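Scrolling down, you'll hit the structures one after another.
One chain, chain A, appears in both complexes that follow, with chain B as partner in the first and chain C in the second.
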Partner chain A sequence: MPVTLTIDGQEVTVPKGTTILEAAKTIGQQVPHYCYHPGMSSPAMCRLCLVEVEGAPKPMPSCVTTVMDGQVVHTQSEEATASRKAVLEFYLVNHPLDCPICDMSGECSLQDYVHEEGRDSGRSREPKRVFGRDDFGGDVLFYGDRCVMCTRCVRFMSEVEQDTRLTVVDRGNRSVIDTFFEEGLDGTNWHGNIVDICPVGALVSKDFLHKARAWDLEHTPSICTSCSQGCNIDLHTRDNLVQRLKPRENLDVNGWWMCDHGRENYEWINQGTRIEAPLVRDGNGGSKAVDWKEVLGALLEQANGAGAVKAVASPLASNEDLGALKALVEALGGGETVYRSARAEEEIVLKGFPSLARRKDLSANTTGAELMGLERAGADDATGGLADVAGHDGVLVVLGDALEDQPADFGKNAALYVFLGSHESEASANASFVLPVTTFAEQEGTFTNVAGRVQRFWPGLQAPGMARPPWLILGALVAELTEADLPRTAADAFAALASAVPAFSGLTYDDIGTRGALVNEPVQLSGD
Partner chain B sequence: MAISVKVMHRPEPETTSYLRAALSGMALTFKHMVNPAAVTQQYPEEQTDLSPRWRGTHRMEVHADGRPKCVACGLCPTVCPANCIRLVGGEDDQGNRYPVVYEIDEFRCIFCGMCQEVCPVEAIHVGRHFENAEYTRDRFIYDLDRLMEQDHPVTLLWDPSDPRGE
Partner chain C sequence: MSDVPFKNPGWAGNTGEFDLTEEEVRGDDFVGTRPLHGGHASGAGTMPFMLPETNPDAKLFEGEYQERFDKILTRYPDKQAALLPTLALTQELRGYVSAASMDRVAELLGLSPAYVRGVTTFYTMYNKRPVGRHLVQVCTNISCSLCGADDVVEAFLRYTDTELGETSEDGNFTVIEAECLAACGFPTCVQINSRYYENVTPSEVPKIVEHLKAQTDGDS
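For the complex of A and B:
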């Protein structure tokens, strides 16, 4: 049953049981808060979301006060702002104000709220209580002095991860968050999220400690590549390097959370020794760098009548890249394409948000590869399975798979061996053409997650040298071999894919947007 | 208007003496050799008095134990309009945040003094000093050690005991 009330002179209609804070959010009025988080219960203990409700004897905490018909709420009245100003002054009684050395500085709610609504200067003359720094285990450091006792971290561990590792010790102004005995957070799989939800700099990441200032980081919406869940993330980059990954809210996929496995797995994106120019091998074991026009021309010349095609693709390649590879294989007379992906023993489910799990399949786009008819090969650690490909004597195309486990004579017998990759390996040494491609962080594209949701990602880094996205390279070859149009944008490449693969038909980049869209077919992973 | 032409006649060398003009010129020269009201300053033997607000070569303040006062908060590279400060933060063995790399390119610097104004721990200062000629260009990128070695007086751009200038 809908309820109509007035907030700041504006009529709002929301379902019964909505809190005032959430109702105010629908008209764009953000009430300051610490303990309230949309993914968890509200204990109303930070007292910062106080608003004036007409008829109520005192200011009400808006995060737990539910709306009533005909209620009149003022979030910016004198009584409301004065109450919040007083609460903020109490927060600063013991806060060390060490913003210059605090990693949260620049994205800290205490900084923001005091700047917006707080006093210019404090009146407390008492010495501040000092706790110092505590190692909570895992990736988390705790600075007790900065804590505002919102208990979001305690509630995350008990309500969402459902593995109570944190608690509040002591009473009054001596109260502090602590772990049980020496147990700490070691061995938990989602504890990185308590750093995200901490509104101040009390919980900081060891990995990110002193690495960059918040205002120096650029944020790019992207998709986590560490498993097939496809968590929505932001790449935080600086100096053309990924500095950290943060979850991006998407209630259909990952809520507000992401696992530690995915959060810590970003160093590979920054690896330095990339292939930067297209290389053409001559027969004597040497190679020379040439420009794109020359290399594609030479490649097309050799591709004529070179025999049957075998292709190896990486399930970290985007839908567009795999679609372009599929089109190329067909244009060259058809053949089989395999992919290799690592698999974990079991899923790690986030108990308080059961649709989110670290999936068994540890690649971002396995579902996309399956939908396009690629076949899985090799063992569960993404090795082996290429015995018949290695000695193939026709056309051999490798996309994205680094082939690190493969022997040095991989592809030696192939009439034409094309290696599209970002890093050179022993097995790429025999390739007649080595083409530099971008990683997912350097190109636009889409992944299909385990539930068949197609999700877009955007480029956050500049590609090294002459590296180009695979869909562009493969699309240019397909355009030369057939009547197809040259894809000029990732959206073009996706449109070509949508017209070729029934599962994607009808989808466009506009439909997918930032939230993703489901493919047309129910998804069943092979081996599940 | 028609152009009017005035014809000048040079003095004839046979009939003109330059002696008087030469002597008056030399008199002026010798007068300046002994003139007590000379305005020329004998730099570098004589040094100019710099204004107390002169903004020149940077220096980094140090603690009594020799550590730099800088806590690598990142405000000076953020505020620097010439983008001449490079800073990489880190943690020392006592758990203090400190600058692993702190470099100022004195060529790019425009000596606005905003780094000193913004510094929350009064570590980086511009100084009353301007003689920083070098033989090579790379010597103009001052690293942390070099900034800590500087011992010239700092500018009175901002008085810490009177932050609002009252």
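For the complex of A and C:
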């Protein structure tokens, strides 16, 4: 049953049971808050979301006060702002105000709220209490002095991760967040989230410590590649390097969370050992960098009548890339395409948000690969399985797989061996053509997650040298070999895929948007 | 107990209302002994200050204490609710709640050790460190403070030869400040183990300390 109330002079209709804070959000009115988080219970203990409700004897905490028909709420009235101003003054009584050396500075809600609504100077003349730092283990460092005691971290561990490692120790102004003495957070799989939800700089990431200032970071919406869950993330980049990954809210996939495994797995994107120009082997072990036009021309010349095709693709490649590879294999006369992906023994489920788990499949796009008819090869550690590919004497195409476990003579017998990779690799030694491609962080594209949800990601980094997205390189070859149009954008490449693979038919980039869209057929992964 | 060497006006004389003698009020009948069948549902009878002799290495739990622990469990809807009396029982037995005790209690009640630590540290009546045979808690809240509680604290520290919150070398005394002991009509109030000493002035402190020392010597 909907309830109609007035917030700041504006009429709002929301479902019964909605809190005033959430109702205010629907008209774009953000009420300051610390302890409230949409993914957890609200203890109403920070007292920062106080608003004036006409008829109520005192300011009400909007995060737990539910709406009533005909209620008149003022979030910006004198009473409301004065209450919050008073609360904010108390928050600064013991806060060290060490913003210049605080990692949270620039994205800290204490900074924001005090700037918006707080006093311009404090009146406390008492010495501040000092706790110092505490290493919580894992990736978390705790600065006790900055803490505002919202207990979001405690509630995350007990309600969402459901491993009560954190607690409030002691009472009154000596209260401090701590674990059971030296127990720490080691062995938990989701503790990185407590750094995200900490509204101030009390919990900071050791990995990110003093690495970059928040205002220097560019945020690019992307998808985590570390497993097939497809958590929505933001790439935080500076100086053309990924500095950290942060979860991006998507209730259909990952809520507000992501696992530590995914969060820590970004260094590979920043590795400097990139292939920067197309290389053509001269047959004597040497190679020559050439421009794209020349290399594609030479490649097509050699491909003519070179025999059956075998292709190895990486499940870190996007749907567009895999679709283009599939089209190329068909244009060259058909053949078989395999992919290799590491698999973990078990899923790591986030108990308080059970649709989210670190999946068994440790690559972003295994579902996409399966839907396109690629076959899984090799063992669960992504090795082996390429015995008949290594010695293949026709056309051999490798996309993105570094082939680290393969013998030195991999592809030696191939009439044409094309290696598309982002990073230098031993296995490309025998390739007649080495083509530099972008990583997912440098190109636009889509991944299909374990539930069959196609999700877009955007480029956050500049590609090095002459590296191009695989769909563009492969699409150009396909366009030369067949009647197909040259895909000029990732959307074109996706459209080509949608018309070729039934699972994707009807989907467009516009449909997918930032939240993703489901493929047309139910997903059943091989091996599951 | 007419040999108590200091006046304690907290005893208002037998008004006839409760029909208790001074002997009964000052004696041990109403402190320290807890009915073995379990007593009050909250475990309140297990108030730990009542037993000056404790064994920090005692097992959690065995014998009579195991029976009492089992009894506590039957009184609550779930194990988590039994945490406070279980901690009180632990303190009664061991004298204080150590990290190892918290861990053991967490194991017994199926809780996380961190949660047990949070609860234990919230309540000031659980000793987080070993205390002396006589835990002297001087109320320094508003009424007592106005009537000179700070001087009383100082006197206790001087005559027991210890620092605030520390235990004297002979292991007899730990002096701490307490918040309101709910005896605001009789400031300064001092709680020593289970016993209230009311209207205490600094000049009475040496007599009280001597009295306590005599008790301890008598015990040993």
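By definition in this document, the second predicted complex is superposed on the first by the 528 of 528 C-alpha atoms of A that agree within 3 Å, B and C clash if a C-alpha of one lies under 4 Å from a C-alpha of the other, contacts with A are read in each partner's own complex, and residues count from 1 in each chain.
Everything that follows uses one rule, which is that a contact is a pair of C-beta atoms (placed from the backbone, for glycine too) under 8 Å apart; a residue touches a chain by one contact, two chains touch by 3 or more.
Being a predicted model, the structure only gives us computed values, none of them experimental.
Peer 1: Taking the superposition on A as described, I'd like to know which of chain B and chain C A:L209 touches: first, second, both or neither.
Peer 2: first
Peer 1: More residues of chain A are touched by which partner: chain B or chain C?
Peer 2: C
Peer 1: Looking at the overlay, does A:R133 come into contact with chain B only (first), chain C only (second), both, or neither?
Peer 2: First partner only.
Peer 1: When the two structures are overlaid on chain A, which partner does A:R171 contact: first (chain B), second (chain C), both, or neither?
Peer 2: It touches chain C, and chain B stays clear.
Peer 1: In the overlay, answer first, second, both or neither for which of chain B and chain C A:D163 touches.
Peer 2: The second partner, chain C, only.
Peer 1: Give one of first, second, both or neither to describe whether A:T179 is in contact with chain B, with chain C, with both, or with none.
Peer 2: In the superposition, A:T179 touches chain C alone.
Peer 1: Where on chain A do chain B and chain C both make contact?
Peer 2: none
Peer 1: Would you pull the chain A residues touching chain B in the complex into a rising list?
Peer 2: 99-101, 105, 133, 209-211, 213, 215-216
Peer 1: Report the residues of chain C in contact with chain A in the complex, numbered from low to high.
Peer 2: For this pair, the touching residues of chain C are 99, 102-103, 111-118, 121-122, 124.
Peer 1: Any idea which chain A residues touch chain C in the complex?
Peer 2: 158, 163-171, 178-181, 183
Peer 1: So in the complex, the part of chain B that touches chain A is made up of which residues?
Peer 2: Residues in contact with chain A: 71-75, 78, 89-91, 95, 97, 120-121.
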